[in-house]
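Residue numbering begins at 1 within each chain, and the chains themselves are lettered A, B, C, D, E and F in the order written.
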Amino acid sequence: MFVGAHGEEHVDDGMVILQANLDDMNPEWTTYVAELLFAAGANDVYWIPIVMKRGRPGVMLNVLASREAAPRMEGIVFRETTTLGIRRIEASVHRLGRRMVAVDTQWGPVTVKVGYAGGEAVQYAPEYRECAAIAEREGMPLKAVYDEVRRAYQEKADRG
Amino acid sequence: MFVGAHGEEHVDDGMVILQANLDDMNPEWTTYVAELLFAAGANDVYWIPIVMKRGRPGVMLNVLASREAAPRMEGIVFRETTTLGIRRIEASVHRLGRRMVAVDTQWGPVTVKVGYAGGEAVQYAPEYRECAAIAEREGMPLKAVYDEVRRAYQEKADRG
Amino acid sequence: MFVGAHGEEHVDDGMVILQANLDDMNPEWTTYVAELLFAAGANDVYWIPIVMKRGRPGVMLNVLASREAAPRMEGIVFRETTTLGIRRIEASVHRLGRRMVAVDTQWGPVTVKVGYAGGEAVQYAPEYRECAAIAEREGMPLKAVYDEVRRAYQEKADRG
Amino acid sequence: MFVGAHGEEHVDDGMVILQANLDDMNPEWTTYVAELLFAAGANDVYWIPIVMKRGRPGVMLNVLASREAAPRMEGIVFRETTTLGIRRIEASVHRLGRRMVAVDTQWGPVTVKVGYAGGEAVQYAPEYRECAAIAEREGMPLKAVYDEVRRAYQEKADRG
Amino acid sequence: MFVGAHGEEHVDDGMVILQANLDDMNPEWTTYVAELLFAAGANDVYWIPIVMKRGRPGVMLNVLASREAAPRMEGIVFRETTTLGIRRIEASVHRLGRRMVAVDTQWGPVTVKVGYAGGEAVQYAPEYRECAAIAEREGMPLKAVYDEVRRAYQEKADRG
Amino acid sequence: MFVGAHGEEHVDDGMVILQANLDDMNPEWTTYVAELLFAAGANDVYWIPIVMKRGRPGVMLNVLASREAAPRMEGIVFRETTTLGIRRIEASVHRLGRRMVAVDTQWGPVTVKVGYAGGEAVQYAPEYRECAAIAEREGMPLKAVYDEVRRAYQEKADRG
């Protein structure tokens, strides 16, 4: 979520949330659709379990995208799902500034994504893929890798 | 749930919960399957939203039935859903004694289902279908019909 | 959803989504409320499981309706549920063109709802009620009826 | 929800719903965040289970607040959760008029919150905290306390 | 969960999971019931959103308890909820050894719960209540308090 | 699920369902844990959204495995998640016979998994990965690929 060249804190006003309730679609296809949407520029894709007409358990597809990208997203949703209608809700998104920082660990540098509000670092998250690769290679619990990377980040932050 | 001739508090020891995770089935069919299962003697049928393999949002079908009825239930589930396997978990069910009681209201008698533990009434619930019929006929909010029936039951219970 | 005289692909701009979080209401009443809302012109009604204040599991009622119908819908929601407030979110809905098509099967003609984007058929769905009636009458699995109807539609589409 | 000096039925037009999808945050912190948000003036805080990128089960934080309070809410969300972005959706909220009414019961007066639409009472709900305190003190089922308070309210309402 | 004198890794064989599907109960009462169950010795209480008969969104109450405590738990569930039946499933629970450890931080000692498998520490979790109290007193984000406590624990563990 | 040399319909009696409620774990790790569990021989892994102690939204990890594999699974769960306890429930699993069948399509042979009950084919499902690869290569909707493969299977089945 929220990846791109734009690293400063800002508000995107021209965003939309597209929603489609799916009650007659093979759930095997959900990850496929999500990948197509991300590849076509979706900012986020997520699913909400819902109860639909006649008490059917279904899912609601949600796509966050820019207003410009919305028609492209709708084309994919109509083409790949079974819905006959897509709701569109206007939204703005307040995004933190973010920067990728490399921290030194016993396994070499690992990337941490840092979020900035008003110039101050308020969030940081080790990159999942890099940590997972280390955990597999080293035969360590993933949570221990996270701990180590988080601690290395904190120490770096303490040193300023 | 809990229908039948057996009105005394008791524990059914020979029950099973059948479970099937469905990730490639049309959710339009869920109510149809549930009706078939109830018609064939299921004690209860309910659905749980789950996240399945590869992050697919799916649903888990649950059928509560007697051990004797289980093969019949499994036949229906295999026939009507897309699952290749059904889990079976042994369970016992502690059921309250229950009695259908008619209470007098301004709209005539309405049925209330009363539950007994150790001979004492601990639950009561107006019958949904009768209340819904009254609400429609009288043009009243359903909740007001429930209030009235509940109050009539309480007064009857107070009088002993 | 999406029923009516209007069969061409179009965008409805003046729609609203009404939402009410329900944490002190009898869930037995949900289907009753949904039927009243549909009867009064709601375009869709669906429920989302949520976690509310003080960690209470509750449900959020969602009603999709035109802006004109919104006050009528709100009246029903206040009257029939226990909520003290209803959120209203503006939305537009992109609807596919749709046409009901009869396809020939061994059981006679069955209706298929077809969705059109840019004049091209991108969706089709056999009518649930007709398929369920055939499955019951013929003693067949509902999924087999769907398969047959879908195949008949495809062959018809192939012939142009 | 819906507490305050403002007791007449009205529509608040300048409301927003803030949403953040959380997939890397300790759920132990959710109640803590909710309390901070309520203390800072949120009108409501609720959580929706969702399925996020790569099939991760996560939760979506929702905050209902006035447009004026939104920046304060966003500050808390960025500070206390792990999100890098917050969606903002405009909403209006139709609120019933509400009044706190004391009804006489065998345990003394108990507060009931009454909701008014068009001047007419359409909702009433016994105050949870008072009823829970009575149930604990008297060693009664909470549901029996509610029944009694609801009945006392109805009788008071009948008398006009 | 998992509180008590018993601090060694072990398997409890005589446990049961009690389940009740609730579709006609006020969700306001859920936290009240959970507290009563914990006070009476439940090992855990949790809720699962489900879709019940006639498509009603409901919740399933789950209580984990010893076989000895089960009748007491069932009494509370029948007394405080609206269910007419409780399912009982046999279970065993594999519990880690656990020890409460005090770690030194800039705010004084903070308790960390450590879990042991085969004598080795595999889990550790700062105590929520202590961290929340520090966060409030110091005006710090809760997540920063957790970070600090986790780091202090790790350093203590490194020193052996 | 249900992969392996064993192709005949049968009941596996010695299965267990392992469950852990997770309320203080990073959901980013869920797919990682699931992959480890599948690699170590789990028959299925799935997640259920739940509401935990103090109203925290959490998830319940479920692992279906043979009784022999259970200790290995528990080792992974303790090592990779934050839980201090794992519930174990005995289950049997009724599995259909299954066979992989190649059907001819315009894109070459595609695998369909067929399920047999009592020697009769009751289920069939095109292999997701093969269909997804065709859809990407041919620039077709995935649902159209499924339709074509299903139809090819039906025609093959009709020919006997």
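Points to keep in mind about this one:
Keep in mind that, in the parts below, contacts are C-beta pairs under 8 Å (C-beta built on N, C-alpha and C of every residue); 3 or more make two chains touch, one makes a residue touch a chain.
Only a predicted model underlies this, so the values are computations on that prediction, with no experimental measurement involved.
Annotation of chain C and chain F: jointly contacted by A, B, D, E, touch as defined at the top.
Here the repeat of A-D among B-E, B-C or C-F is B-E, since over half of its contact pairs match by residue number. Set against the Cα centre of chain D, the chain with the most distant centre is F.
Farthest from chain C in terms of Cα centroid separation is E. Taking CA atoms, the transformation carrying chain A onto chain F includes a rotation by 180°, reported to the nearest 5. Distance between chain C and chain D, defined via averaged C-alpha coordinates, is recorded as 29 Å. The mean-CA centres of chain D and chain F are about 39 angstrom from one another, to the nearest whole unit. Among the residues of chain D, those touching two or more other chains are numbered 24-26, 28, 30-31, 47-49, 51-52, 54-59, 79, 82, 89-90, 122, 141.
Of all residues in chain B, those touching chain C in their complex are 25-26, 28-29, 32-33, 49, 79-82, 128, 132, 135, 141-143, 146.
By the touch rule above, chain F contacts chain B in their complex via residues 1-2, 15, 17, 30-31, 34, 38, 44-49, 59, 64, 89-96, 98, 113, 115, 117, 122-123, 125. Note for the complex: chain E touches chain A at residues 49, 51, 54-57, 122, 141, 147, 150-151, 154. Those residues of chain E that touch chain B in the shared complex are 21, 24, 48-53, 55, 58, 60, 74-75, 78-79, 82-90.
Considering their complex, residues 23-28, 30-31, 47, 49, 52, 54-59 of chain E touch chain C.
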